[in-house]
Amino acid sequence: MSEDVALDVKAEMLRGAQSLATAPPPNTNRGVTSDLSIDEALLLHSAGWEPVDLVCGVSVASVPFGVWNWGQGEIGVASAAHNAAVQGAAERLKEECAKVRGHGVVGVRIGVEVRNHHIDVDLVGTAVRPVDGGSTPAVPFVSDLSARDFTLLKGAGWMPAGLAFGASFVYAPRRSAGAALQQKTQNIELTNFTQAMYAARESAMERMQRSALEVGGHGVVGVKVTEGPMSFARHAVGFTAWGTTVKLVADVHKNIEPQVILPLDDAVVMFAAQNLRGK
Amino acid sequence: MTQPADLPKDLPKDLPKDATHRLEELEHGLFTSDLSVNEFLLVKEAGFHPLGFVMGSSIYHIGLQTRKWGESQELTKLTEAMYTARELAMNRMEEEAEELGADGVVGVRLDVNYYEWGSDSAEFIAFGTAVKAEDGTSYKNALGKPFTSDLSGQDFWTLMQTGHVPQGLVMGTCVYHIAHRKLTQALGSMGQNVELPNFTQALYEARELAMTRMQDEAGQLNASGIVGVRLEEKSHQWGSHTIEFLSIGTAVTKTTGEVTLPKPLTIISLDN
Amino acid sequence: MSQSSAELPEAAVRRFRSGAFSSGLTVPDFAACLQLGLEPVGLVQGFCVMQWGWYGAGSSFMRGSNPYTMGAQSEGAYSESYRCPHGYVSAEHRMWGQNLEQPWVEAAWSAGYGAAYARMLDEATALGAHGVIGVVDRVTPVADSQTSEFHFLGTAVTVEDGPPPAGGVPWTTYLAGQRLTKSIEAGFMPVAVVASMASVRVWAYCITEYQMEGGRGWGNTNQTGEVEQVIRAHMAVRQLARKHVRQKLVGDALHGVQIDVEKRELAQGDEVIDCTIRGNRVRRFKDFDVVPSPRPTVRLS
């Protein structure tokens, strides 16, 4: 059986090499450029869709001087700038997708840089469309789902509706010197700090949810929360929440009924004690 | 999450107003989850629907505790602190889940963050996805609360197929100080193959304490067992002679005990 | 641009004469390669060091003009001007700005890349190869001197019973091993490794400078806004890179595209943005067989 496969593949390679010997007919096609791996391209095809073109969207939003100086509560201007940058980049990405008549963009790679005076957002993905045509939707979808995840979800009756996103920036609260001394030996919750960080995180998540509702989504999957102080202003902490908004397009969710497999590969490992070590 | 008897009972029950607003939005039908697409599909397969991403956090100041240089001992004050801080975070996460009417929370992760402007304090965060059974059966645990578990979507589906249900995330912690060896002792055994009784005793006791406490919690939930136990050992910010031993797992009970897992296909993968 | 075999480095000639092959393939890739009927004949490489600067052919300095003069642009290259909306303010106030494509930089890059690639093909031809697989290309700037080195490495192969390469030029691909097998099974024949680069320089005008430096002037206190000039430059550089690459495809498809963007912020809101696109140029040689929907599985260990 395996011999047949090997011969098959050799024959294919030979055919391919021979095909180069004859010059192709003049081709006015706009060549497809896609950053999908061959596996992803095949999966996409098995779902009846195909890649069209590589598309990009960029935005740079300015942050005025003095915004990061230590204050209290939320840094509204920074949150607004971050939001504007993501929206702007997503709009341009959708424009490029519409120009090549794609129905949506998958596998979007998101690059965000928060600098002292500007916030930069860089999006790259592959525009895709159903093989058998169909009318281009008014607003193409954008999603950071890989082509593989897109195919899986589609098989279950769901489609991506858009990128869900929310951000919030906050100043770390201050403690008075007296309070700091008093608390030194105690085990105690720092309620100020807790409230501030908690509120900021929730606020980012809430904005993400709102962005999902705005595109008429039913849910958000793959939520990733990032947080951390700014490298240029360590008293300012930024929280962002990203995910893909999805919509149920079939009448009901279709169960996938997975096959359970038991790989018999572990010849050497007898007892996986790694689990116990939390590694 | 259960509370051991010796901890304060007046844990705050307030959630920030942004949280209540966000949860209201979720109750109107939108769901959020940090499940990957794989996990989402398997959770649906198990007959559950994700309700929302829930989280709880607490910034806790960990008080100083004096310790004897030459004695190995548990640092009970620090143990209490680490325990309470995680409790607070987990409790708030559970409150959010209850607010959504969830049966349970899957994929719980407990993280500890250190910020530069807070010395001796750390932020403890608990994240997870609240889920609800689609057929209306209640899966709340023996204490009438939604179950918590650190099982991934895949493990959750597999567990349900074996006729067991998760009850709650159980944990036991112990912060132990390991005695420094006296100079004479150190010189005496230099260059020899010898067991170090100090260290052996200390580390053994510490781990046992952590695991016993974890099992006590499971007992309170009337669980029949604990799966996926992990032992973590961290020095956090205390230096190398103070270690926190954390034992954490998911307590489960048998419902039917009937394994409906389809017979697996055995394969040999020839990949790297 | 390519050297004749007589000019291959002496060491290369010695290496090829030895007869035994060396290859950059890992063991699984090597096995997959043999399964495809490809026989490795040797490790081949190409190298070139290229410098570019203000004085490159076509640069505005070369033509004696100043980037601040309206209309200072190369033939057919992208450029967009921006004019300050305020009246005369001061001598330092930047009244004009321009986004300028830098074709001399692009030409230098193309020349360097092309030369290194051609030298790798020369080595492959000297070995009698039909194609080169598992190509790795690296462009490394040499510190601070507007010089870059281009390096190509690949494994030259012959196709069992295969025809000599069309036009005497071996086909090339970044892929090797199972990935190459899957690509062939899906009906795509590698033609060549293709890469293109676009470079755009942002000469900021007053509004851009203020926005990028956090300025609050002109009644714009505490407000955030998109920096239009810089965004236009970023979008343009990506579109140009794709346009350049498409010209090399002649209707074939480009798979496994990798896009890299590098930007260097200079003073006062100025920026230089370089965008490089690489991929495998492939041609369909048989009708596409749709793979049936694969079965999802859950592992038990």
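Read from first to last, the chains carry the letters A, B and C; within each, the first residue is number 1.
Going forward, a contact is a pair of C-beta atoms (placed from the backbone, for glycine too) under 8 Å apart; a residue touches a chain by one contact, two chains touch by 3 or more.
Since this is a predicted model, take the numbers as computed values, not measurements.
Chain contact topology: the protein chains form a complete graph, every chain touching every other one.
Of all the chains shown, the one with its CA centroid nearest the global CA centroid is A. Among the other chains, C has the CA centre that is most remote from the centre of subunit B.
Pairs B-C and A-B differ in how many C-beta pairs touch across them, and the larger number is found at A-B. A separation of 25 Å divides the Cα centre of subunit A from that of subunit C.
Between the Cα centres of subunit B and subunit C there is a gap of 48 Å.
Computed from the mean C-alpha positions, the centre of subunit A lies at a distance of 28 Å from the centre of subunit B.
Annotation for subunit A: residues touching 2 or more other chains are 152, 256, 258-263. Those residues of subunit C in touch with two or more other chains are numbered 296-300.
In subunit B, 41-42, 264-265 are the positions where the chain touches two or more neighbouring chains simultaneously.
In the complex of the two chains, the subunit B residues touching subunit C come out as 41-42, 154, 157-158, 264-265, 272.
Per the touch definition, subunit C reaches subunit A in the complex via residues 35-38, 130-131, 159-163, 165-166, 171, 179, 181-186, 188-191, 211-216, 220-227, 230-231, 234-235, 238-239, 242, 245-246, 249-259, 261, 277, 279, 283, 285-286, 288, 290-301.
Contact residues on subunit B toward subunit A in their complex (touch as defined above): 12, 16-19, 21-22, 25-26, 29-38, 40-42, 44-45, 50, 53, 55, 57-64, 77, 80-81, 84-85, 88, 92, 113, 115-118, 120-121, 123, 127, 228-232, 246, 261-269.
By the touch criterion given at the top, residues 145, 149, 152-153, 156, 164, 172, 183-191, 193-195, 197-199, 201-203, 205-206, 208-210, 212-213, 217-225, 227, 229, 234-235, 237, 243, 253, 255-265, 275-278 of subunit A touch subunit B in their complex. Remark: subunit C residues 28, 296-300 touch subunit B in the complex.
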